[in-house]
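Per-chain numbering from 1; labels A, B, C and D assigned in written order.
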Amino acid sequence: MPFIRSFIERETLRRRDFLLAGAYGLGGLAASSVLPTKAIAAEEMAVAWSYRDRSNPYWNSIAAGAENFTTDTLGRKKEALTHLINEGSNAKSLADIKSFVAKTSGKCAIGCDPNDSPNCRPVVEAVKGGNGYITTIWNKTDDLHPWDIGDNWVAHIGWSGLEPAENTATLLCKAMGGKGGVVGLGGIAANIPAIERKQGMVNALKKFPDVKLLDYQAADWDTTKANAIMSSYITTYGDQITGVFCANDTMAFGAIEALRAEGLAGKVPVTAYDCASQTLEYLKKGELLATVDQNPYWGGGVSLALAYYAATGKFKPSDEPKAHREFYGPTILITKDDADAFKKKYVDSMPKYDWSDFWGPSNGQIQYNRY
Amino acid sequence: MTAERLRAYFPILTLVALVILVGTFDTSFLRIENLMQLASDVTTLFVMALGITFVIYIGSIDLSAQSLASMTTVIVSSAIPVIGAAAVPLALLIGAGFGAVSGLIAVKTKIPTFIATLATAGIAYSIAQYVSGQKGLSIDVSLRESWLGWSFGNIGPVPKEIIVAGALLVVATIVERRTVAGRIFKAIGAGEAGAISSGIQVERFKIAAFAISGALAAMSGLMLAARLSGGSPTAADQFLLPAIVAVLVGGTPLTGGVGGVVNTMVGALIVAVTRASMVYLSIPAQGQQIFFGCVLIVAIALTIDRRKVRTVK
Amino acid sequence: MPRSLSNNLLRQFVPVLVLIALCIAFALINPNFLSVKNFARIGILAAPTLLVAIGVTFVIIMGSIDLSMEGVVAFCAMVFAKVFVAYGGFHGWGWTALILAVIVGATVGLVGGIAQVWLKIPSFMSSLSMGYIGLGATFVLSEGYRISVEDPIFRSLLTQRVFQMPYMVYFAMIALLFALFIERFSVLGRNIFAVGGGEEQARASGLNIARIRALAFAIAGLFYGLGALLSVARVGIADETNGSNMMFTSITAVVVGGTSLGGGHGGVLNTLVGTLIVAVIGNGMVVIGLPSYIQSGVLGAIVIVAVALSTNRKTIRFIK
Amino acid sequence: MLELKEVDKSFPGVHALKKVNFNIAHGEIVGLVGENGAGKSTLMKLLYGQYQHDRGEIIVNGKSVRFENPRQATELGIGMVFQEQSLIGNLSVMENIFLGQEHAFVRAGIVNWRAMANAARKQLAKVMLDIDPKRTAETLSFVQRQMVELAKVLTLEERVKGDLVILLDEPTSVLSRSEVNLLFSLIRNLRSRASFVFVSHRLDEVLEISDRLYIMKDGEVVDILKSSEAVVESIQHKMVGRLINREFYRESKQEPFNPNLRLLRAQDMSLTGHYEKISFDLHAGEVLALVGTDGSGREEIMRSAFGLEPLTSGDISTGEDEITKHTAAESVRLHMGYVPRERKIEGIISGLNIFENMTLGNIKHYSRWGFLCISSERALAAEWIKKLSIKTPSEFADCGNLSGGNQQKVVLAKWRIAGSRVILLDHPTRGLDIGAKEDVYDMVREMCADGCGILLIADTLEEAIGLSHTIMVIKDGRVKKTFDCAIGKPTLYDLVHHMV
């Protein structure tokens, strides 16, 4: 192999450089070794939550719930909870979780949104591989179930978008007096919630033959994008628009601001989904008709709790019925009237949850192929 | 003088220093299977970066790789049930074709590649959305086993991704150092005027470089689809910039001509370690991007070879 | 000679022609497109992007690139919202936040510029890193929560109109004039062109290249700050997504407007046209009811055509 | 007022200036003549502060100075009008004129364009150039640019107190006679204020304008004489200096070429604005020299022949087959090779090592199924390194780090390896020292012996005469005269007579 030989010749030419290189490396070692080294507490069961980002109140409430479990129930410091931010990247989500499992050599409980339904399988497989424990929420493909993977995948929690979206859409149609035109703003088209919520709205519209769905486009959960699309809607359909359906609140904000620009804010009913503090403000101002709270605080806490107690052997997932391995979380419909009550109960002061009561507030087992 | 000669090694040294640094913070990081894990996770990113390397090597840039990869995951997921194994070469072919088209547009219309590839990226994204019917697709487990089995799971202790990526690296290295194409890529990157007046059909080889980039983007898409056992139009989101960063941090400047695929491997590993370090050094969620940004500046400042670039733009 | 000259002249107006052509096309499919109201909407859509694009224009004319806008805009927006709300909007000293945001933007830009010049690293990387840092800093400030800005006087940028155009459009126009002033009537602006046109000759004529580069990035940052203000005015909320998608949108706008990435040619007026083209496409595609999944593809195709038409193949020897 | 004492300057491989003494009095116009590579430009760049001298001293107004950069020279009233265009294309004329001095026109941060335009008009008026100062430089013609450059330098009048020295490097090469007259009257008008150094190939013009004349050769001042007493012929002889040593150009090795084997034929080639109706045949073993001043169009002719510049009309054919698509790639495929003037940019590729450069011309030949045979490449390179005695540690050395001579050898080797039959040499010995030159000449003869045809743009006239079988004098883009050296080689005077 002349190639290899010539290559080696060239390399040996640089032997001296390489010695210097070694010195540099050692320098790095020396530099790093003076830094304080942190030993991992091996006896403690590490806890982490893997989610998209910190820019969205939904994820903040998730984190808050998880932190509450860490502090109140486990009696550790807030910092004991590791945040794995995937920034919407499947690869990073997977990589971070793997790193975490490896770091804790399997002594860990993880709450996780896999970010993209196909990403769920590799995540749970990775956790199983490292013998950690994980509870997932939201994104998984229909053909994948915790009981197929085993105890390491403790449970999967979903929030059915179907019925709540149907309810809000029904309210919307009633507010429109049962006639007129609706425009819709959907989430990232590939996301399960986006699909379910759209379906829920469609089901509701079936009940109101005089209400026409003018247009429905994906605004990718993005305020700015929703804002742009909404204003274009107004150009296209003008007065025909008598109601707006949004697949979540961040997009609803964009839509409402687009209406405000036309002086229509509050005149055209808008429904949202999810419930950040701003959402309540819009509700109280009457610019938002209704929204649905999915109590992410509870979701964040309980999913971590499930993983933790399974990991510590408080219960054995495989002994539980399927309804306890895949279940819907609770949802609350909020309108102008009960906005204040809701704020008092869930925003100003968080209710005390018994994190070991996993299935109390559940809305039953997850069902498939409903549309 | 020696410092300048040493510069060729700065990327690898930066990597070593980083690993040691993280290792001293948390020794469990240095466990071999963990490092292996780290490597296997960065493979998809690496393969994409590998392709982009060829384009940057000739002094252009390719911003379409990410969308191509996403599109591939969708195409494969929807094609495998129908045509089985043929889906794999098909996907690669489509990728290469897309790359070639980007190159062709850039060369013929003289549009800067920055914009040309950005535009083709948009087209690829649309195709992906159309093919997927705007849903996340999943590949049936058995099909995944039989047709994409080559790129996930382990052989003994070694993850197959590493083997695949390693094989691709070897091939790419051979292409870069041992083939006419590789030699001419280098010539174009180092001095396009000289290449032209030496009678080289520069345009043809530019298009070729883009085709390679496209094919490898598709390849990373395949590996992603295998890992996710499915695909979606956004499957490869947030890949592009890290991939380009991997190339640049590896020591291949945007002006081209120096560096190469081996550097890109180092660069990809630097990116991987940097990311992992955030978990190991338990950088608070809010601090992570600041940390990444700073590491980036330092890394590039260390690794870039200023002799090769006359005026730094 | 004169023929090629007239070609060049024609070529300069290609972006405008493209814009007009697009408007006509959309109008034919849906007459509603050609309503003053809709142009107001396009204006609202375009205003924040325009300011960001103006910022990056200066950097591109210099022959460099800036990818930091997403982070910087988000950061400025957050700083503004925090301070503005904390000091009670226009009733208190909150209005100072308007100035602060711009100063912050300029400073961040300057820092990035200096880093680029001192460390001799490509602007591509330095600005990219600054972008990451900006986003991170935004998180640190916001702790992940949105700040809503409801001060009616501030929101009047969106809600109040003169001649059916919201204030923010005029705000953007004033900023544009300011940019135009920098481009045409300030030494720095002209020196930026000189650097873009021939860095060597410029140095030979005794210009301080490093200083010019750093300042150009500062100007860019300043306009990102202004853009941030409008993006908050538009949705009334400040969070990390204020700058989302602005990187590629703004650069596309600049290039479609006819400013060459090679540097030296173009200007903020081109950028105005370019931004309008992008905004019109975005608005028009929805107005004519194009399904959302093919929109990005159509955008890509139009961009290729537009840029291809406005590039002079004779003068370009190599494409990068 | 300006004086050089024993000034020495050398570049790697070249001793450009040897103990040069030079002085210029107030209001004086000094002519500076010599062949290319005689050191004129180096001397100018020293005066302008673009280069720094190694030994000796430069004295301005009695004070010994050392310019670190052009700006310092400018502040002492020394300005230069460059031969190569130094205007920034995308800026307006007035901005180019006042680049770096805009602050003079700034009020409260605002550039007062009207003021600058007026000032620019004043400057343009000095050079009798009536153009809108707002026009962008790239829209100007060559001549106009040249005048604007002059105008830019003349801003010194306002900026600097005291006397000026203005260096004019080949200012007339692109000017028509009328424009030259204009320039001269201009220079004469300025004598009250400035003294001039005037470099040109056009001897008659130099004699016409200058008071004194410096004749340079191989980096030395060989003679200084009063223009009034000087005669063109004598000057030319001094420029050429030593009696032409016939062996220098290996003339004993010059064989008659084979008129029956035509390698390249050009018929009525034209490129608008550069040259018109150029026709010639190149035969096996023939050296055909294109002689003319810079800007006469000879470079363009050669670049068109190789496909780097387009053709507006006419056609080229090699041997039998017509060249249809004019690209460098096609030319190389048809066994042509181009040794460009811009060696570092177009000749070698720095960043590639020696054997990579050498085999670039027909890389396919050193590969099997697309795979390189590096071992054979290296062997080949080693062979040529020995053959041409290229000074380098190994064939892995980066060509960018080689000396000019060795770089040139690499380029020549590239085309020899590519088996080129038609070799186009554009200033093949520019900036090379004597030894390297002789090596190049050897190769030329060798190539002829191997039946190659060579199209030559020589670095000096004597080089052209020494090497060629046929000499075409090009003036203003047309063939002025063709000499067949078989009948008898033309003298320098014959050539210069037709060139200018």
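We adopt the following convention: contacts are C-beta pairs under 8 Å (C-beta built on N, C-alpha and C of every residue); 3 or more make two chains touch, one makes a residue touch a chain.
Note that the coordinates shown come from a computational prediction; the quantities given were computed from them, not determined experimentally.
Student: So if I look at the partners of chain A and the partners of chain D, which chains show up in both lists?
Tutor: In this structure, the chains that contact chain D and also chain A are B, C.
Student: Which pair wins on C-beta contacts, C-D or B-C?
Tutor: Per the contact counts, B-C leads.
Student: How many angstrom lie between the CA centroids of chain C and chain D, rounded to a whole number?
Tutor: Chain centres of chain C and chain D, defined by C-alpha means, are spaced 45 Å apart.
Student: Could you tell me the distance, in whole angstrom, between the mean C-alpha positions of chain A and chain B?
Tutor: Averaging C-alpha atoms per chain gives centres 28 Å apart.
Student: Can you work out the whole-Å distance between the CA centroids of chain A and chain C?
Tutor: From the centre of chain A to the centre of chain C is 32 Å.
Student: Mark out which residues of chain D touch at least two other chains, giving numbers and ranges.
Tutor: Residue numbers touching two or more other chains: 374.
Student: Could you check chain A for residues that touch two or more other chains and list them?
Tutor: In chain A, residues 3, 54, 189, 218 touch at least two other chains, as defined above.
Student: Which residues does chain C have that touch at least 2 chains other than itself?
Tutor: Counting only residues that touch two or more other chains, chain C contributes 139, 143-144, 292-293.
Student: Show which residues of chain B lie in contact with chain A when the two form their complex.
Tutor: Listed in rising order, the residues of chain B that touch chain A are 2, 5-6, 8-9, 12-13, 16-17, 20-21, 23-29, 31, 33-34, 37-38, 41-42, 44-45, 73, 129, 132, 134-138, 140-141, 178, 224, 227-239, 272, 275-276, 279-280, 282, 284-286, 288.
Student: Show which residues of chain C lie in contact with chain A when the two form their complex.
Tutor: Residues of chain C touching chain A: 30, 32-33, 35, 37-38, 40-41, 44-45, 139, 142-146, 148, 150, 155, 158-159, 166, 231, 234-237, 239-242, 244-245, 282-283, 286-287, 289, 291-293.
Student: Quick check: in the complex, which residue numbers of chain D touch chain B?
Tutor: Answer in residue numbers: 306, 308, 327-329, 331-333, 338, 340, 342, 345-352, 356, 360-361, 363-364, 367, 370-372, 374, 414, 418.
Student: Which residues, counting only chain B, touch chain D once they are in their complex?
Tutor: Against chain D, the touching part of chain B is residues 178-184, 186-187, 189-191, 193-201, 257-258, 308.
Student: Help me check something: in the complex, which residues belonging to chain C touch chain D?
Tutor: 1, 5, 181, 185-187, 190-191, 193-194, 196-198, 201-202, 204-207, 264-265
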